[in-house]
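Before anything else, here is the set of structures, which you'll find just below.
Paired with chain B in one complex and with chain C in the other, chain A is shared by the two complexes that follow.
Coming up: the complex of A and B.
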């Protein structure tokens, strides 16, 4: 594998992990624009646990401790944050991310504004298997009782409550587990590039991750995978097409095309690329089943 | 004295935030979604103002020079920015609201406008990056650095003029909301769009007006930003808009007067935090305040409890 392909693969894997972190709350209809905050927590915590100036633990242990650390913080803040809904939830998670980044820049023992070097290196042989595990875990998670509960909350919260779903618990678990996944992604980012600074994890990152999920679709666990792959592949492909055709303006403006693509995608597939209806249709096409009766209402548009 | 000087500077900075905060609050109040094209429009207006003043437009520089001459190119800048932003607002309205509304009933149900507006944010930022590059662009202010002082406190004339201008624009807007027929229709839509339709309000014709008004607010604010701070780049909208959002929440979503007070307060809070705890730490007070506010009093100072109750 060439170095360029490997670099692209790493970016894709990290995006997928982040996207699943946002997907879990989004599956229950909670929009989380605070991805950068949880990624920062994970990256810095793991780097500190691992660093010679910190706790000097082995890499795998620091990553896990960072996940626990982020999980505890996410659990604690999930109660006030989940009291808010809709626009307020987007704003609250966003504010949380800004507070985290503001604090991280000012902590001198993790390097402050000049960034923090990370000791142990995680290469592609670590990141790819971990990503596959995250994908498998997310599919499993969405197929459990809790996953079903999340989907029912997404479709109609009042009806879910009437059917005995503990809405609060389901939301808190989804939020916390999602935060832990983002922490994992952040730690891997730090350990792969061996250098972190809080400014890299900015609003744009949070926005992009939320877009991965919403474009891929929040109805099925395929959504974040498709969304992240789409984001990683389409701009690069556009660049290669543009360069081979000698169109300089297209190469420079490929993200503009991409933005237009997002707008058009929302026109034609408002629930994201992958919906339950499409999944069923593909499934019945692939396995030659006569008809798949889905037990949930409201799939597709 | 230094503290008072900082307060004055904060008030001036708050003037920039006020209009952006009002733009956000109008869209949230009327249509119930967080419009991320607002930072894009603010930034685009600021960059267009720079480009027209400095003769850096992709085309038409000579034409503008021959009509307005070197002296008055800033007038051309204002016209170009306002016209382009108004047209862009109409295009944005089509794709974030009207089309979705026609096709899927309630547009806000699917988080659609949010995603589409993020798509537009990407389009505008990368248009600016690919046309003017991602480095900061420095304009030369047409009004120089006129200042006067009372006691030892220094006031910059362009800044005072823009603060007053932004307050006048916003006050006119709120009078319009209160007293005119259009304002009544807007308030009716904000209250309950379906009932408003039944009462004979043409929602399909009013919503573009809301978009153009918010777009023009952003444009005026962006133009004033270029004149006062002279340095713009493709990402200036993000930093201004995030702080303006904090101001809007502080004042209460959907409340124009709340956005004015919140914007001015946040401007002062930012400058005071930079003065007291340093630029690196200034984010924490602003966003910490916002987080606490959202957790414990999400309606802000003057907010309406109904707003933001929708799914997204």
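Coming up: the complex of A and C.
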């Protein structure tokens, strides 16, 4: 694999991990624009556990401790934040990310404004397997009864309550687990590039990640995978095609085209590229024989 | 064990200055099929919302099976043995039929092991099989590969009843189950409810279709402007002047209507 391809693969993997961190709460209807905040927490905490404490913890342990640290903070702030909903939750989580960023810039023991070097290196052989684990975990998580409860909360919170779903607890769990995944992504970012500064994790990153998830679709666990892959690959591929073909206008105008494409996507697929119905249709295409049998068995009323 | 499964006494509820439920008391006999009827705005759905904990009660007590549940939070009332359907269909539109029914099982599966069990990954597990069997018993298909939003209205109405049933309630609250159904669908629904009733489940139903109420129910409570104006059998309800005046209409009304037409 060329160095260029590898760099693209790393970006793709990190995007996927971040996207699942936003997807888990989004599946229950939470709009979380605080991705940058949790990524910052994960990146800084892991770097500090790894090299800053004097104890020189191994990388895997630092990453896990950072996840626990971020999880505790996410759990604590989830109670005030989950009192808000819709666009107000967007604002509350955005504010949280800004606060984290502001603190990181002003903490001298993690480098302050000049950034923080990270000791241990995580290369592609670490990041790719971890990404696959995150994907598998997310599919598992959404297939559980808790996942079913989260999807029910997304559709109708009060009816979910009447059937015994503890809405508050389910939302807190989704928010916290999502934050821990983003922390994991942030830690891997730090350990891969071996240098972090808080300004890298800005609101634009949060917006992009939320877009991956909303464009990909929040109804199935395929959504964030498709969204992240699409956003990470398409602009870069367009650039390559444009440059190799000598099309200057395409190389420069690709983000405009990409923006127009997003608008079209919102018009024609407002619930995201991958919806539940589309998944079923694709699934029955793959297993046509089986589908016919089960239709005969259960379709009559 | 008391003869009454549900006991409501001195129930009050106001929204702002408006008294919506004003000192309503009645009991629902175990294994009975009781109807709650009255004109629009009489407070029938409000009573359902108070029973299931959607609203908090201002004064009075509710008890189910001898247990006072007035202060039990909404999410725990289903475990007391109470489950409901809704006036406007409130299935989860993005879930499949079987998933909607599995949501009804939630109250019986709230421990950690069950919450973390991958229902979606195991095509054959006890919960899914139970949901499919409940649908089959009710004569509803499982409609694999379709979200419920795309299913016919009458089918969705029955799925709501099945979803309420799989929580294994002692008391089933049905809010206008026959509204919007044609004759065939109403008959299917009635057969389903009679079957439910035969299993010993007590039914409390809000309904405007008086034919349906007469066929199904053995006891009727009539509300008007938030007050109980009558309680008795279906035969008696047609003799009661207050009920005829407030809701069912008198023969004079029918005569007038005939004149107009």
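The definition used in the following text is that the second predicted complex is superposed on the first by the 283 of 301 C-alpha atoms of A that agree within 3 Å, B and C clash if a C-alpha of one lies under 4 Å from a C-alpha of the other, contacts with A are read in each partner's own complex, and residues count from 1 in each chain.
The criterion applied here is as follows: a contact is a pair of C-beta atoms (placed from the backbone, for glycine too) under 8 Å apart; a residue touches a chain by one contact, two chains touch by 3 or more.
Small disclaimer: the values here were computed from a predicted structure and weren't measured.
Judged by the touch definition given at the top, the superposed model places A:280 against chain C, while chain B stays out of reach. When both complexes are overlaid on chain A, the residue A:148 reaches chain C alone and has no touch with chain B.
Once the two complexes are laid over each other on the shared chain, residue contacts for A:156 go to chain C alone; chain B is not touched.
When the two structures are aligned on the shared chain, A:83 is found in touch with chain B, with no touch to chain C. Contact with neither chain B nor chain C is seen for A:121 once the two complexes are overlaid on the shared chain.
When the two complexes are superposed on chain A, the residues of chain A that touch both chain B and chain C are 301. For chain C in complex with chain A, the touching residues are 52-54, 74-79, 83-84, 86, 90, 92-96, 99, 102-104, 106-107, 109-110, 114-121, 127, 132, 135-136, 139-147, 150, 155, 163, 167. Residue ranges on chain B touching chain A, taken from their complex, read 28, 32-34, 36, 95, 99-100, 103-104, 110-112, 114-116, 118-127, 129-130, 238, 242, 245-246, 249, 253, 280-284, 286-288, 290-291, 294-296, 298, 308-312. By the touch criterion stated above, chain A contacts chain C in their complex at residues 139-140, 142-149, 151-152, 154-156, 158-167, 219, 276-277, 280-281, 283-284, 291, 294-295, 298-301. Per the touch definition, chain A reaches chain B in the complex via residues 29, 31, 80-81, 83-88, 90-92, 94-96, 98-99, 101-103, 105-106, 112-113, 203-204, 207, 210-211, 214-215, 249, 252-253, 255-256, 258-263, 266-267, 270-271, 301.
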